[in-house]
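Each of the next two complexes has subunit A plus one more chain, namely subunit B in the first and subunit C in the second.
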Partner chain A sequence: MSQSSSRSLFLLTVPLLVTTVLTLLAPIVFLFRTALYAPEVSRGLPRFVAALEADTAAVPREEVFRVLAEDLGRRKETFEHGIVIKPIRHQDLELWKMLKGILRVLPEDPSIAEISSWQRWFSEHDSRWESANTWRRLRRVIQPVTDFYLLEAMDLKRDGENALVWQEKEKQLFLGVLLNTLEIGGVVTLLCLLLGYPLSLYLASLSSRTARILFLFVLLPFWTSLLVRTYSWILLLQREGVVNGMLAALGLVSEPLPLMHNRFAVYVTMTHVLLPFMILPLFVVLRNIPSPLTTAAASLGASPWRSFLTVTLPMSVPGIAAGSLLVFSIALGFYITPALVGGSEDTMLSQLIALNVNSLLNWGRAGALGVILLGTVMVLFLSVTFVLLSRMRWNPLAGELR
Partner chain B sequence: MKKRVPGGVIFFLGSLLALATLPQESMADSIGFASWGGAFQAAQNKVIVQPWSKKTGHEVKNFSYNGELAKIKAMVLSKNYEWDVIDLEAGSAHVLCEEGMLERIPESFWEGVGGKALFLESAVHECSVGAVVWSTIFAYDSRRVAPEEAPKSWKEFWDVKKFPGARSLRNSPRGNLEFALLADGVDRNDIYPLLRTKAGIERAFRKLDEIKPHIKKWWSAGAEPPQLLADGEVRYSSAFNGRISEANKNQGQQFVIEWNGQHVTLDHYAIARGNPKKKRALELIAYSLSASSQREFVQEIPFAPVRKGVLETLPKSIQNQVPTADVHGYPDLAIQADEQFWMVYQEELTERFESWKLRSTAH
Partner chain C sequence: MKRRVSSYSFFSSSFGRLLLGLYSSLVLAYLLLPLMVIIPMGFSSGKYLTFPPPGFSVQYVQEVVHSPQWTSAIWNSITVGVAATVLSTLFGTMAAIGLVWGRFRGRLLLFGFFLLPLLVPVVVSATGLYLLFAKLGLLGTFLGMVLAHAMLGAPFVVMVVSATLTGYDRRLINAAFSLGAHPWGAFRTVTLPIIAPGVVSGALLSFMTSFDEVVVALFLSGSDYRTVPVLMFQGIRFELDPSIAAVGTLLLAVSLLAMITAELLRRRARR
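Take a look at the complex of A and B:
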C-alpha cells in the first residue's frame, strides 16, 4: 500500500477520533474536573477570599467581615448568591445556613450601609461568627481545589484537625454501594459465562448456515429495548406473574415465591440483557480454533473432556476475557434495571450517580463517584490484560496461533 | 484503491457527521412546554397550551420528562433553551431557584394576573408560579381489600399485624419521614419542627425501621404504584393522587385513596435562567392562572387549583375529588409540605435515606 493511501486511510479515522475525543475523553476530563474543582466561592467572592487568605488570625479583622458583606451583597443583587455558596452547602451545611442567615438580613448595598463595625454586625446576628472554629471551617471550604467529594465518595471525611476519619455510620453509603455494584457485576458476569460458554461452543460446532439461524435467537433480544425486556421480566417473575402462576397451578408452591424486587430478580434480568455480549466474542474465538487440533488430541487418545480442558479451554481464554470484561464493565453502569426490579439493598453506584446528577444537582459528588467507578474498571481491566499477556507468553501455542 | 477520495472531503463529511449529533437550536418562534407526560400533560395541553396557542398564534411544542433537573441546569449552562415553560415539583423549583438556575418572576407579572392575593400563598414564589395542588396519599385496590378492612391512617398503614400484606413507599425521604412521624403519634403541626432536630430525624428513621421489612418496593416513578397495586405485587402503596384517579378513570381500576394524612404539595411553572423567550413564556403561565382555565383544568384531572375561590364554583362531585376538598378532612388531616425544610435538608436526608435502605434492619 502506498504512503498516500495509508494517509487517506488515516484521514478516514479522523471522524472517529474527533467523536472519541468529544464523547469520551472530554467527559472524562470534565468528570475529574467536577470531582476536584469547585471554584464557585473563590470566583464569586474574590475580594473576601483574598482578604481571608491574607489574614492569618484565628478570627479575622474587621476588613474581612466588611468585604464578605460587600461580596455577598453584590452577588445577591445579581441573584447569584445561591450558586456561589453552593460548594459550602455540600461540604458544611451548618456553615451554609449561617451564610444564608446573613444573606437574608444583608442591607441592600453593604458598601454604602452605615455600619460602623461589620464584625459586631455579624456576631449580633449569629454569635458563631466570633468563633475561631467557624473561620477554620470557612478557610477550608473556600478552597477551589478540594478532595472533599472524592473522600466523601469513599465514605471518608476530614475532622477538625484535618485528619482523615470515617463518615458517621448513618451516612456511610458509597463503599457499600460500590461493593454491591462489584458483587452484582461479578455474579452477572459469572452467570453469563456459565450460560454463554456451552451455547457458544455448540454454535461454533454447527455449520455456518445453522449457526446463523440460531444466532438470530441470541441477537433478537439484543434488538429489543432494555425497558421492554426489564418489564417482561417483571411480568414473568412478580407475585402474580407467569412463573408463580405456573408453579401454583402445578401445585408446587402454596405461597407465591418472592422472585421480584430482590437480588435474584436483578441477577436474572441483567444476565438476560447482557448475555449476547458474552456470546459474541466467545463464539468468534471458539469458531477460530482450528478443528484439526481437537481431532489430533482425540487421535492421541485424549478423552473429549481432556481435549476440551487442554486444547479448547486454554485457547478460548481471550474470548472469555473479552466477553467477561465487556459484560462486567457494562454491568457496573446499570441503573434502570436495578431500580425497577431490585429491592432496598440492591442499589448500584450508577443509581446514586443519576440521583446526584438529576435530582440533587450535586455534580461534584456525581463526578467523584464517576471517578471511583472509572478507577475500579481501569484497575480490573489492566490486571486482566496483564494476566492475559503473561499467560500468552507462558502458553506458546495460543500465542503463535493468534 | 483506484479512485482516491480526497482526504479533505472525508474530513469534511466526518465533521458534518459530528456536527449532526450536536443538539439543534430549537425553533425560534415556538415555545417549548415541558411537563410530566400522561394524563396530566394531556390536560395541560387541552386546557392551557392549545387554547393559548390558538389565541396568540404562537406554536407550542410539548416535551415530557421525569423531573430530571440536570437537563434544566444544562440548558442554563449551555444557553440552549429547548424548554421555555417547565412544570416542576415545587421542591425542585425552589432548589433550582436557590441555585440561580431560574428566572425571577417580576412583580409586574403578579399585578398583571390580578395580584398575589388571588392565589394560594404556596403558589407565589420568587422564581416560580403555582400550577396545581396535589398530594401523596396511600391507596389500595378495593378488589383485593374491602375498604372497611383497610387501614385508615398512616398509623394503621404501619400496623402490619392488623393489616397484613406487602407495602410500597416512594424511594425518597420526602413524605416518608413525615408519614413515619405521623404513624408514631406526632401531631401534624409538630412534624417539621421535630424534623429540624436531630432527635426528630432519629425518631422518623426508627419508625421507618419498623415498616422496612414489609416494603417490597421503593418506587421512583409516579406510574409505578398503580401498577404495583393492580398486579397485586403490594397491597398498600403511597402514590400521587392524580395517578390513582387516572388509573380508575382510564384503566377501569377500582383503587381507593386514603386521604387521611395526605402530604400536600404543588407543581410550579418556571423559566430557566437567561431564556430569551421569558416574556412570552410568562404570558403562557399567566394564561394558565385565569379563572376560566383554572376551572376547566380541575374538570379534566382532579388536582386543586391555585387560584382561590375557583373550586367553590364547581359541582360537589368534582370538588370532592381534589386533595383539598373538605370531605377529605382538608386541611385538618393533611400535612402541608414544608418546602423550605426540604430545600435545605433534601440532600443530606436523601444520602441518609439511601444509607439507611442499604443497611439491614436487624440491629
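Take a look at the complex of A and C:
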C-alpha cells in the first residue's frame, strides 16, 4: 500500500477515539471539575457574592445583609435554596445551619419587607452574624473554585489564617481509608504472588497439552462474573456457611467461627478474584525462558536450586512485575467484594466514593476521592510501565522486540 | 512440544517436583472449588441457604423465571450487552486495523489511550459518567448504559484483534492489491477471514464484560434500568435471597460457554 493510504488508515481509529474521549476522558475531566469547582453559591446568590467581595470590612455593612436576604428570598420562592447552599453544607456545617435558620424566618418578599436595618434583624435572630469569624468563613465558602474537597480527602483543612492544618482527630477518616486500601492491595498482591508463582512454574514445566487443560481451571474463574465468585465465598464463609458447617460436623469447633465481614474474608475473596491476573503474565514469561540456559547452568554444575535462583528467577522478573502491577492496581479500585464480605474496618476508597455518590450526594467529595484514587493508580502504573518498556524496548504493535 | 521450560531441571529431583505438584493442585482447588458450591445451592429444596441442601428442587429456578423483576433484568442485560458488543467490536476492530497497518505518528500512544479504560478504576469512571450523564439526561437510559459498557469492552477488542493482525503477513493484502483487488474486496476476502477468530474472541470478551459489569451499571441504572448484576448485588446486600444462587448458577453456565467458545476459537486461529 502507498505511503498516503498507510497514513489515512488513521481515520479508522477515529470512531473509537471519539467514543473513548466522550465516555472516558470527558467523565474524568468532569470528575476533576466537580472536585475543584462548586459554583452553586456564586451562581445562586450573585448579588450577595458581588457585594461581599466589594466590601472589605471584617463585618460588612448593611447593604450586604440586605442583598443576602433578598437573594435568599428569591431562591426560596423558587425552592432552589437547598441546592444553592448545598456546597456550604459540605464545607461548613455550622454556617449552613445558620443560613437555614435565616431561611426559616425570612419574610415572604424581603425586598418589600418593612425592616429598617437588616444587619440588626440578622443579629437579633442569631448573634453569630455579628462576629467577624462568621464572615471570614462565609467569604471562603462562596468561592466557586475550591481546594476544600481535595484537602478534606487528605484529612487536611485551612485554619483561620488560611494555613494548612490537620483535620480534628474525630473527623480524620480519609487517610486511614487510603492506607487501608494500599494495605489490602499490597497484601493481596503478595498472596497472589505466593500462590501464583509456584503454580505458574509448575504449569510452565508441563507438556503443552496438559498445561492447556489445567490452564482452563485458571481461566474459568477469570471468565466468571465477579459477583458469582464473591457470592460463592459468602456461601462458604458465612456463619451458617459451608466451612462452618463442615468444621462443626467434624467436631472441630463448638461455635461457628467468625469468617465473614472481616479482613480475613476480604483477603481470601480478593486473592481468589485476582489470582488469574497474576498467573497469566507469569506463565507467559516463564514459558518463554529458553531451556538451553538452564541446561547450560546444570551442565556447568549448578544445583537445581541454584540454577533457579540465578537463571529462572531473574529472567521471570518482568512477569513478576507485570503481574504484581496488574493485581495491585486492580485491587486498589475494588468496591463490590469489600462491600459484600468486608466489615466496617475494611472500608476501601471505592466504597467511600460510592457512598458519597449514591447516598450522601456529596459529589465534590466523591470527585476529590476519585481524583486521589485515579492519581495513585496512574502514577504507579505509568512509572512501572515506563521502566518495563524502556528496559525491554517492547513494542506491542510491532509484535516483536525492537 | 517445542521446548520445555527451564524450571523443569529444578524439579528433576522427584521430591521437589512432587512438592510443587502438590502445592499447585491446592492452588488450583482454591481457584475452582469455591465456584462449585453455588450449583447445589441453586438447586436446593430448602427454604434457606443451608449446606448441604436438604434435597434437589428447581423451585428457585422457577422463582427466577416467573419473577418479572428478574426476567426484565435478564432482558436488559442481554440487550445492553449485545448493543455494547456491536459498538465496541465494530469500532475496536477498525481501530486495531488502523493502528497495526497505519504508519502515522503517535500510534503507540493511541494504543495506550485505547487501553486506558482497563487502567482507570471502574469506580472512578463510573463516578465521572454519573456526573456527566446527569447533565446530559442519560442516567437510567439504554443509550447511556450501552455507551458506558462499549467503552469498557472496547480495549479487549483492540487488544485481541491487533494481536491477531500482528501475526498476519501483510504481504497477503499487498498481493491482493497488486492483483487489482478493490480495497473493500481485499478486506472481505483476505483480511476478514484471517482476523475473524480474533474479532469473535474480542466480541465475546466485550459481551461478558458488559454482562458481568456491576459498578457502572449500579451508578447509571437508577431504578428504571436494572441489569442482572445490579439486581444480584442489591439482593445479596439487603436480603440474601436464595434465588440468587439459581441466577449465579445460570451466570456460571454462561461463563463456561463463553470460555469454551473462546478457547476453541483460539485453537482454530492458531492453525
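General remarks:
The rule is simple: the second predicted complex is superposed on the first by the 354 of 402 C-alpha atoms of A that agree within 3 Å, B and C clash if a C-alpha of one lies under 4 Å from a C-alpha of the other, contacts with A are read in each partner's own complex, and residues count from 1 in each chain.
Note that in this section contacts are C-beta pairs under 8 Å (C-beta built on N, C-alpha and C of every residue); 3 or more make two chains touch, one makes a residue touch a chain.
None of the values given here were measured: they were computed from a predicted structure.
Superposition of the two complexes onto subunit A shows a clash between subunit B and subunit C.
In the superposition on chain A, contact is made by A:339 with both subunit B and subunit C.
When the shared chain is aligned, no partner comes close enough to touch A:46: not subunit B, not subunit C. Within the superposed three-chain model, A:236 lies in touch with subunit C and out of touch with subunit B [touch as defined at top].
Contacts of A:160 after superposition: neither subunit B nor subunit C is touched. In the superposed model, A:82 makes contact with subunit B only, not with subunit C. In the superposed model, A:170 makes contact with subunit B only, not with subunit C.
The wider contact with subunit A, measured as residues touched, comes from C rather than the other of subunit B and subunit C. Contacts of A:107 after superposition on the shared chain: neither subunit B nor subunit C is touched.
When the two structures are aligned on the shared chain, A:353 is found in touch with subunit C, with no touch to subunit B. Legend: residue contacts after superposition of the two complexes on their common chain; A:7 is shown touching both subunit B and subunit C.
The residues of subunit A shared by its contacts with subunit B and with subunit C are 7, 11-12, 15-16, 19, 22, 238, 240-241, 339, 357-358. Within the complex, the subunit C residues that touch subunit A are 1, 3-13, 16, 20-21, 23-24, 27-28, 30-32, 34-35, 37-38, 41, 48-52, 87, 90-92, 94-95, 97-104, 107-108, 110-111, 113-114, 116-117, 119-132, 135, 147-148, 150-151, 154, 158, 162-163, 166-167, 173-174, 177, 208, 211-212, 214-215, 218-219, 229, 232-233, 236-237, 240, 244-245, 248, 251-252, 255-256, 258-259, 262-263.
Only residues 4-5, 7-8, 11-12, 14-16, 18-19, 22, 79-83, 86, 89-90, 93, 97, 170-173, 176-177, 180, 238-241, 260-261, 339, 343-345, 347, 352, 355, 357-362 of subunit A touch subunit B when the two sit together in their complex.
Across the complex, subunit B meets subunit A through its residues 1, 4-7, 10-11, 13-15, 17-18, 21, 67-70, 73, 92, 95-101, 104, 166, 171, 205, 212, 215-218, 220, 231-233, 344, 346-348, 350-352, 354-360. Interface residues of subunit A facing subunit C in the complex, by the touch rule stated above, are 1, 3, 6-7, 9-13, 15-17, 19-20, 22-24, 26-31, 34, 195-196, 198-199, 201-205, 207-209, 214, 216-221, 223-236, 238, 240-242, 245, 272, 275-276, 286-287, 289-291, 293-295, 297-298, 304-305, 307-308, 311-312, 315, 329, 332-333, 335-336, 339-340, 349-350, 353-354, 357-358, 363, 366-367, 370, 373-374, 377-378, 381, 395-399.
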